[in-house]
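Read from first to last, the chains carry the letters A, B, C and D; within each, the first residue is number 1.
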């Protein structure tokens, strides 16, 4: 199968079900909503080594938020067990401290974590409860005024690790294809791309020749050693980039993959698009590239 | 003492000596250097709860970097013991994975951590060493090409926790004053402002009425409870913001404080500027506000 | 013909041949290259009422510019007769005055305008000539140092007015589709989208019921009056946006249209894509939408 | 007089009274308000050669605008006679065409121009009138929906050409000082800095040795020819930048100058600050630097 002359490999992305929380950060203007969000989702590219897998989903105009201020929606992925701690950490350090920020639940789920309720103790007895747009809020006096956070934040099951891999003739075309893919994926609601700028430049494989390493460079996809690696999959390729996608449903992740692949395939210099899997043994959700593009 | 009609309280900021590493991230263009840096310094506002205190120091034009590409300088503050782990974590997750990024030491210190050398194992045997602009580099094949990181990254002692506190008549003027202060502080080399957008909206005090809390809201500086708090310092004040500054030397932190205070004092609606201290018992470096401004 | 369920009307965009100049602005960093470029291409959406049709084509990394500094490529479209005046005006007011900016020819053409040579008189006798990367440059002493501009700037014939029109169910989806289209078009070399943010929200038709107006709103494509306009083409449509594309060749403009249409058609809520023409009587270059997408 | 060790020359900036219009552009979000504003104020650095002197004053949060959407305030300076044409041109080409933009008067003046009323003819008979937040608006159907513009836009007398000139040891420090000055000036309501990024790198003097030139480089302030120019004022200086300020009142322009000079004087490498005048013969408003700083 070819898309605009680009080979779409007959393979699938192996994704996982996992837990996420999805919150809305509002602030006095878009600049400060984005600053709080950016700080809160930093150091969060991959669950393998970061405390969470995180990303900005998009901005929300003021008419769509409970307090009538511009907002920014973020996702935080972590194990169910660690989610409360992770939310308290990231919200407490990065959003509570950000001027004019407030936090609302944005997760459509019956399962709730009492994050706001737990954070109230920071108020040292001066905290109170209030209501904003029908939401139960905790109000904590801080230097800037009152920090408002919804009492309970939802947690839900979604699909993490949707992905596709762009093989291009050189770095410039690989990067451009990845940038365009990320740009159109931003238009799909409900998904994030957790890597820097949405792009992963250094995929890994499980295991290593060094026994103390549980993961190492995905050598079969490293162009500069194509001549040395047995079964290299990137002979004649100059650069490879991966887009990883987490989202609230299989449908949304699939939609994001489809749009991203199509955009990448339009870029001059892109040779092939494939996806990462572990032989189907680890993740329950399989996205067959060709089926997505039918 | 008054500056432009704004009272400068006769007090001092209590700062600490601590360890930092300072690294230069270069990339194909400023956009991607900044993306890698932003991811790497995320979730790093305060050592109290984050794994590190981090910030972007500034951009470096291509003629001033070892590989002739635009660069971004960041600082990472952590205890000496934890620094290697912290650097490997943030670099490995956020910079190694960022397209076209490379890492150079930017710390003027004889004390070195073998971070690059340790990270080489990710290369799974395909890693090598090379030289860029006279620096000893480790080269690790990744999907995008070769990731280059200097073999050793410096660690040095600096001054953390320089600060000043802006008391204003309302949120708008407090925020504007903080924004202007951050803007001029960005012009001082060698310092970072680790909080979101450079600004802390929720300062804390040690201890709480809740025994399980080691820190809680700095109630004396919370305007919305000024009537309820004994000895409130913000009667008649509408909003308070704090700027925290970490830097490579006492001189640089002092310079940044001075410039930031002057800029803040120019903004309409600012009433008073003070600073945070613990009675001088915890931190060795004291910045007396009035002395700075002489 | 349908693309992702979106009807592609069986029609064509009517474009024109015209003259453009294409110049490269370099500066000390990307920020200042972009500032100079943005000022220089302002108030330049359409030749109908602006003195020129202008746009930013894209950034150029420092390794691809004659002076090794980051650059920004812009296009300026005007009649051959007026081009020299237009270039002197925009360069003299917006680039000469921009800190650290320099100007190079970026037009692959034998036809040259002696813009730099004419601008030298601003030097009041202190001007000189020099060479940068093999280019003949005029050097004009200014307050910031020496302003360098290539002696001659090229002018060439290209294709203006390539376009497509997005019909969507509401403003949100129309805007999102336009944003994604502009994003992928930015990846095509040699083209600009002269309207604000690349998007035209108010297309016009020739003539009006008011005799003194030579152009007026394109009423057949105005959704809010669909019930009043005879032969309205937007019944059931909530919002319409047009993307106009100028470029250095028919091939490039066609490529940009193709990629833009494909990206727009992926967005939820887009109902139909069509194009603007005048019955083929005015413009020599016709882009048949379905042929582009084959 | 010295400020932070920087000499403040005993001189004055010679400014002029002139006419401006001040309008508020709102849009669905800050991004699009800013895009429309940026296009509308482009190619507008100086009345000498541009059709108008223009600039962005600042953003307005949604709670402060008549339609509850985020806004951007711009100023357009032109002669009273040409103002209507200039407004129709810039609004019609750059704001009407920008998705979701609307235009409100933001000029506190009894003198009005019927710009909106004149622009209604673009509606080709489908235009109507309506009211938003108590303002009389013209509603013009366009492709994106209805373009709303206030019927009358104010024109008022203000002060143009406030200025100061930064003399520094090198380009880097001059640029940094100018950037910091622009940053703090942005915090002063009612003023704009019309040059690219707020900074003029190429000041001019009246006249030239070439008789056909009415203006030429301000050679006395050009560092690269300091040895050749009689009475050069920049011996030992590496780079010079000028900040030009237009504003709604003498008080606001003076305030902006004061804040800008103070911020610039804090930057390492700045040697002297002066101002531009024509011997007091042309402009009625004189800003004495030392008086401003008292």
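Please note the rule applied: a contact is a pair of C-beta atoms (placed from the backbone, for glycine too) under 8 Å apart; a residue touches a chain by one contact, two chains touch by 3 or more.
Only a predicted model underlies this, so the values are computations on that prediction, with no experimental measurement involved.
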Exercise. Check every other chain and keep only those touching both chain A and chain D; list them.
Key: B, C
Practice problem: With centres defined as the mean of C-alpha atoms, identify the chain lying farthest from chain C. | Solution: B
Exercise. Count the C-beta pairs in contact for A-B and for A-C, then report the pair with the higher count.
Key: A-B
Quiz prompt | Separation of mean Cα positions, chain B and chain A [Å, integer] | solution = 25
Quiz item: At what distance in angstrom does the C-alpha mean of chain C lie from that of chain A?
Solution: 34
Quiz item: What are the residues of chain D that contact at least two other chains?
Solution: 28, 31
Quiz item: Which residues of chain D touch chain C in their complex?
Solution: 28, 31-32, 35-36, 38-46, 49-51, 89-90, 92-101, 121-126, 140-147, 165, 171, 174-175, 178, 195-197, 199-204, 208-210, 212-213, 215-219, 221-225, 228-229, 238-242
Quiz item: Along chain D, where are the residues that touch chain A in the complex?
Solution: 28-31, 59, 61-63, 68-70
Self-check item: Residues of chain B defined as touching chain D within the complex
Solution: 176, 179-180, 183-184, 187, 258-259, 262-263, 266-267
